[in-house]
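The two complexes that follow have chain A in common; it is paired with chain B in the first and with chain C in the second.
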Partner chain A sequence: MARRIGVFVCHCGVNIAGVVDVEKVAEELRKYPGVAFATTYQYMCSDPGQNLIRQKIEEENLDAVVIAACSPSMHEETFRNVCKDYFNPQRCEMANIREQCSWVHEKEEATEKAIKIVKATVEKLKGNEDLTPIYVPVEKKCLVIGGGIAGIQAALDIADAGYEVILVEKEPSIGGRMAQLSETFPTLDCSQCILTPKMVAVSRHPKIKLMAYSEVIDISGYVGNFDVKILKKPRYVDEDACTVCGDCEKVCPVIVPNEFDMEKKPRKAIFIPFPQAVPSTYTIDREACLGLAPLTCAECREACEANAINYDMQPKIVEEKVGAIIVATGYDLYDKSNLVEYGYGEDDDIITSLEFERMLSASGPTGGNIIKPSTGETPKKVVFVQCAGSRDKQHMPYCSSICCMYTAKHALLYKHHVPDGEAYVFYIDIRATGKDYEEFINNVMEEERINYIRGKVAKIFREGDKIVVWGVDTLTGKKVEIKADLVVLAMAIVGRKETKEIAQLLKVATGVGGFLKESHPKLKPVEALSRGIYFAGCAQAPKDIPATVAQASAAASKVLALFAKDKLEKDPMVAVVDEEHCSGCGVCISVCPYGAMQRQPNGKAKCIEALCEGCGTCAAACPSNNIEMRNYRDEQIEKMIEVII
Partner chain B sequence: MSFEPEIVAFLCNWCAYAGADMAGTSRLKYPANVVPIKVMCSGRVDPEFILEAFERGADGVFIGGCHPGDCHYVNGNIRTRRRVEMLKKLLEQMGINPRRLRLEWVSATEGAKFARVMKEFVEEIRQLGPSPLRRK
Partner chain C sequence: MKKKIAMYWGAGCGGCDVSLLGIHEKLLELLDDIEIVFWPCATDFKYEDLEKMPDKSIDIAFYNGAIRTSENEEIAKLLRKKSKILVAYGSCAIEGCIIGLANLYDKEEIFRAVYLENETTPNKEKIVPKEKAGELELPEFLPHLKVLSNVVKVDAVIPGCPPPKPVLIEALEALLSGKTQFGKSVALCDECPRRDTKPDKIEIDRFYRWHEKQDDGKCFLAQGIICMGPATLAGCGGECIAANIPCTGCMGPPPKVRNQGAAMLSAIASLLGEMDEEREKEVIESIQDMVGTFYKYTTAKLLPKGRVKDEG
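Right, the complex of A and B next:
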């Protein structure tokens, strides 16, 4: 415990001294018990100021210091670094007499308050223990959840740096949403052409363990030391033996809709979701297959010359230990059945943007032809409705970020397919903030002669063989009615329901729209609040492919920084249970958001220091007052109250 | 001499304390009757601290935390909200006006809100007069 405390009151030029009587503060503190020395200086944070602290620690034989200056968020690190040559950094505390005093109060009252703040800080300091950082080992292996472009990029970056990656994808193939797209804005690259080389790179990378058709079912542990359980669902086809000859598919008698084609194209019960799928193998859909019910059907097994089909394959649980986790679980479209005003989107000729993407794809349900689904004819009038469910208080309040761009692309591709057709786009605002995006949209509007109507669509309904779209052109103030052959809804983007499940396993929060909550919206956009967990792609917020790739690489670089160390340093201000008096009631275990409080075999609670983030919720909740927060102990806070009141 | 309320404010490190700093950076004046104690999370505020402050004669106790859903520690603020509701009932039974205890959500960007709430709270306590437990 500190016995000879030095108090250094900063003038901060006139920022503090212009309001607070700093000499009086020093004078009052000199008389305060435990304070051996007090002085003032113009700028404590300057080199001469720091040297003054060093000099006085030596001359006055100080064993702890209070720096009364700005907010600790500004210079706590500066001053703790000065002190660490002499004593434990926990023996240095800052008293905030600028932001929360001189800048907001008038002279006399400010001086009185400054004295109280400094005295309270001295009291806290007296109770501080010397602490050393907690070190935890790091398992240098990363789990990436989700095999879309975000997960693929993150996995490749980490694996290229030489660390092992486990990439888990719940679908039979990796590729995610990007694999479903036809062409990508603003350059109109074929989406699969730029994606598939990366998919193949993943499957060939010696450092990547690809687990497709698998799901993460349990996660425990903490940064550097996560224990993960992954359920490998049975494909009933041996991935390594399958030659993708397609003989099985030909003989399979069961036809069901293909999810990859937004259920607009049929597939068999034994299927490969799309030709470039990775891993390149067939999968049996256990819900649809007749062979799994014994003796009903074995057509595929008989047709398979490679003997790859095994109806007795069982689910397998694989356990892995990893040091970091990247969540890249992607997005879903908002359910169009919520859109009452658009006829719940039930009509065949009212389709979603992803259904239109599949329609545009050469391998899609229509072989790349744009049709009016109810009749198969070429639609001569198409209405594109932006913000379907986005920027709408009835549905999702946020902007889905990419719809302006892909709608322009959709309209452009429609005009390329049907040059004599008419395309209308209803928009609220055009948001084209990416590189070359504005130019792309301008080109679409001007060169392609697409009718952009500023206004929200009020109602969509069928009238005979037409779909009627009612809206208002807010630029002319006139009501607009368009009798269209096809309506494409640019649906809001929402977090997947699986994201929520993963978030719960990880104890990470999700916000509006089901998106993962980052640690700081600006300065920590890829980090979860809990260390060792990172986000990439649309699981965090709606974003386009360049932003997703950038975020994935950012998440990967955070993982690499973590793996660059053999041991991790952690803030030592954690909870400590008085085991002798703990009654084992378990309240702390239930309130801890990090699972840091765990029950021991003897029934008593114990704080796993590596997991504890130091919030103190357990200490406040403990009914028998047997949990203390290191250097934020009850006694310290009570002493501070005593000084203030 | 006019009555000057003595108020202690528990501010969470991530939101309310940063919001109070923001009020300073923006030079938004408010009465000096409130003296802050920084805690890592509003969830750290043990009911004992609040009772201790009132017992010592505090005229008001303020707790500032992150907005629901924004808590740096997931849900500590929600627990605080429950505790404060309970404490208000308890305070009433003890003869202390529950308005003397106030919980507010102040984000790191809400300097203006912090200053406004401080002004309001000090004014409210001024109107309520000294705490019945004040030691004089």
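Right, the complex of A and C next:
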């Protein structure tokens, strides 16, 4: 127990001293039991300020200090680092007389309160125990969930740095949405062409274990030490043996729609989603195939010269230990059947933006031709509707961020395909904040003579062979009616339902739209609240490819920083459960925002110290009053209250 | 030598007296070791008998019921004087129990509600009991309900409303062998028959009253039905839950909790799912009878001087 406490009162320029009589605070504290020394200084956090602490600890033989200054979230670390050379850092406490005092009170009142705050802190300090940091070992292997461009980039970055990566993708191929796109704004380079090399790099990288057609089914543990279970779904085709000759596909009698082409193109029961797929192999769709039990067809097996087909393949569960996890599960489009006012988008000639992307793609359902799906003719009048389901309290309240840009791209590509066609774009605002984006939009508007109409579409319905679009031009105040051949809805971007499932496994939160919730919207945009879990790409929020790639590299760099040390050092200010008195009611387990409270096999709660951030939520919630925060014990708090009132 | 035992019924429902019979054949076993020297409810003893006993001549005195009248208080003091060990028996004696909710009101309000406004009490003459009526003198109805420990030193407690069988048996055996510390030291969930049905994360979107929801057999709290189990001392074995009724907290709080209601309220508030403030308020306000739910048994102990009247 302290012993010989030194009190250092900071002026913080005029921030504190302008209101609080700092000399009086020092004088009062000098008389307080346990305080051996007290002084004031201009800026405690400055170099000379820190040296003053050192000097006085030595001269006055102090064994603990209270720095009365700003918030501990500002400088606790600074001052504890100073003290570390002399005694346990827990013997250094900060009394916040700035944010909680001088900034919010007047003169005398402020001085009086400052004295109380410092005295209370001295009392807390007297009850502090010496604690040593917690060390956690780190398994230097990273799990990346989702093989879109986000997951691919993150995996490559980490693997290039020399660490092992397990990349799990639920679909037969990696690539994600980017593989479905035609050309990309603002440069109009072919999406596949820039993506394919990265996909191949993943499949060849010695440090990346690619597990496509697989799903993460269980995750336990904590930063540095996650145990994951991955279910490898049977493809019924040996990935390594398949030569992608396509003989099987030719003989397969079952035809179903291809998901990759937004179900607008047929495929067989044995299929490869798109020619550049990675891993490069065929897959049997177990729902559609007639060859799996009961075996009524074996055409493909007979046709396959490589002997790659095996109807008896079983699902496999692979267990891995990893130190970090990146969630890059991407996005979906908001379901157009939610849009009552747009006829639920049920009409063949009302399509979504992703369907239009596939239409534009040379390998897509129409071979790159733009058609009116109901007739197959070239549409002469096309209406693009932005913000379909976005920025709308009835649907998704947020801006999907990329629709303005890709709609401009769509209109432009349409004009390139059908130069004599007319294109209309309904928009609320144009948001083109990226590099060269404004120029791109201007070019589309002016050079391509596309009719941009500012206003919301009120109704879309069929009339004969036309789709009628009713809207209001808010710039002229006039009603607009367009009889179009084709309508393209720029649907809102939403988190995938799988993201929610993964979030539940990881005990991290999702917010509006089903996007993962980051730890801090500005300063920690790629980190989950729980340590060791990071986010990349559209799983976190709607964004374009450059932003996705940047965020993926950011997540990778966080993982690399984690892997740079063999052990993780952690603040020992954690929650402690008194096991004897724990009823296992589960309240703490339910409320811990960091997933640090976990149930033990005996039913009682236990704090995983590596995960605990010392927030105290559990301690306040425990109905048995059975959780104590280290160095914030009830007796300490009671003493503090006593001094204050 | 047989232990001399006394049992007194203060302000309470009488359930505690009956609970002693509820231990069935165990009682017969115990009778070999004890001699009942005072039990007005069961045997014909008068107060004079008690007064005549030498001080500390009773080995163990059980006091059940709360202290509502001057008579209750007098006997409590007398029993204290005459016995070696004084035990607060049941929730009323320990923390005031349901009748302790009366401390939310003053004497006048209580009398008005009971004698004048209660529709099932015909009282055309509007008679309200008085302490003195001619010759007759009645004990005083105290301004507030007190618990036993407000009046005298208490050596041991047997919680419950009334003390459930397993609690009682353990307590009696312990007391007869000279111990005053007994019982569990965890909350009810620990021994609850539904404990293993608790999900990893309890998240409450709205509260249901017990009759409003088809019970799925899982932990009540996880179903959004308020169960006081997490903030209630174990020992009963989860009698109520075994009968598909959520715990109302009759055993009082677990050892480290001073305020059972506050402990449960803060737990419950933390378990609310994600919702905006408005909805949060709506959900909290949907709880019927806050005090009766969270402070059913402990109001009197926490409010020995009654309620602080709202200003203005």
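The rule we apply is simple: the second predicted complex is superposed on the first by the 606 of 645 C-alpha atoms of A that agree within 3 Å, B and C clash if a C-alpha of one lies under 4 Å from a C-alpha of the other, contacts with A are read in each partner's own complex, and residues count from 1 in each chain.
What we mean here is this: a residue touches a chain if its C-beta (ideal position, glycine included) is under 8 Å from a C-beta of that chain, and two chains touch if they have at least 3 such contacts.
This one's a predicted model, so the numbers in the text were calculated from it and none came from an experiment.
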{"item": "Touched partner set for A:Met445, first chain B, second chain C, both or neither", "value": "neither"}
{"item": "Partner chain(s) touched by A:Glu580 [first = chain B, second = chain C, both, neither]", "value": "second"}
{"item": "Which superposed partner A:Ala306 touches (first chain B, second chain C, both, neither)", "value": "neither"}
{"item": "Chain A residues touched - chain C or chain B, whichever exceeds", "value": "B"}
{"item": "Chain B versus chain C as contact partner of A:Asn626, first or second or both or neither", "value": "second"}
{"item": "Touching partner for A:Glu112 - first (chain B), second (chain C), both, neither", "value": "first"}
{"item": "First, second, both or neither for A:Ala458, with chain B first and chain C second", "value": "neither"}
{"item": "Touching partner for A:Ala161 - first (chain B), second (chain C), both, neither", "value": "neither"}
{"item": "Contacts of A:Ala120 with chain B and chain C, given as first, second, both or neither", "value": "first"}
{"item": "Contacts of A:Ile644 with chain B and chain C, given as first, second, both or neither", "value": "first"}
{"item": "Overlap of the chain B and chain C footprints on chain A, listed as residue numbers", "value": "507, 509, 591, 617, 620-621, 625"}
{"item": "Chain B - residues contacting chain A, complex", "value": "6, 8, 18, 20-21, 23-25, 27-32, 35-41, 43-49, 52-53, 56-58, 69, 72-76, 79, 83, 115"}
{"item": "Complex contacts: residues of chain C adjacent to chain A", "value": "185-190, 195-196, 198, 200-203, 219, 221, 229-231, 234, 254-258, 263-264, 266-267, 270-271, 274"}
{"item": "Touching residues on chain A, where the partner in the complex is chain C", "value": "507, 509, 578, 580-587, 589-591, 599, 603, 617, 620-626"}
{"item": "In the complex, chain A residues that touch chain B", "value": "71-73, 96, 98-101, 103-106, 109-110, 112-113, 116-117, 120, 507, 509, 511, 517, 529, 573, 591, 593-594, 613-617, 619-621, 625, 629, 632, 634, 637-638, 640-642, 644-645"}
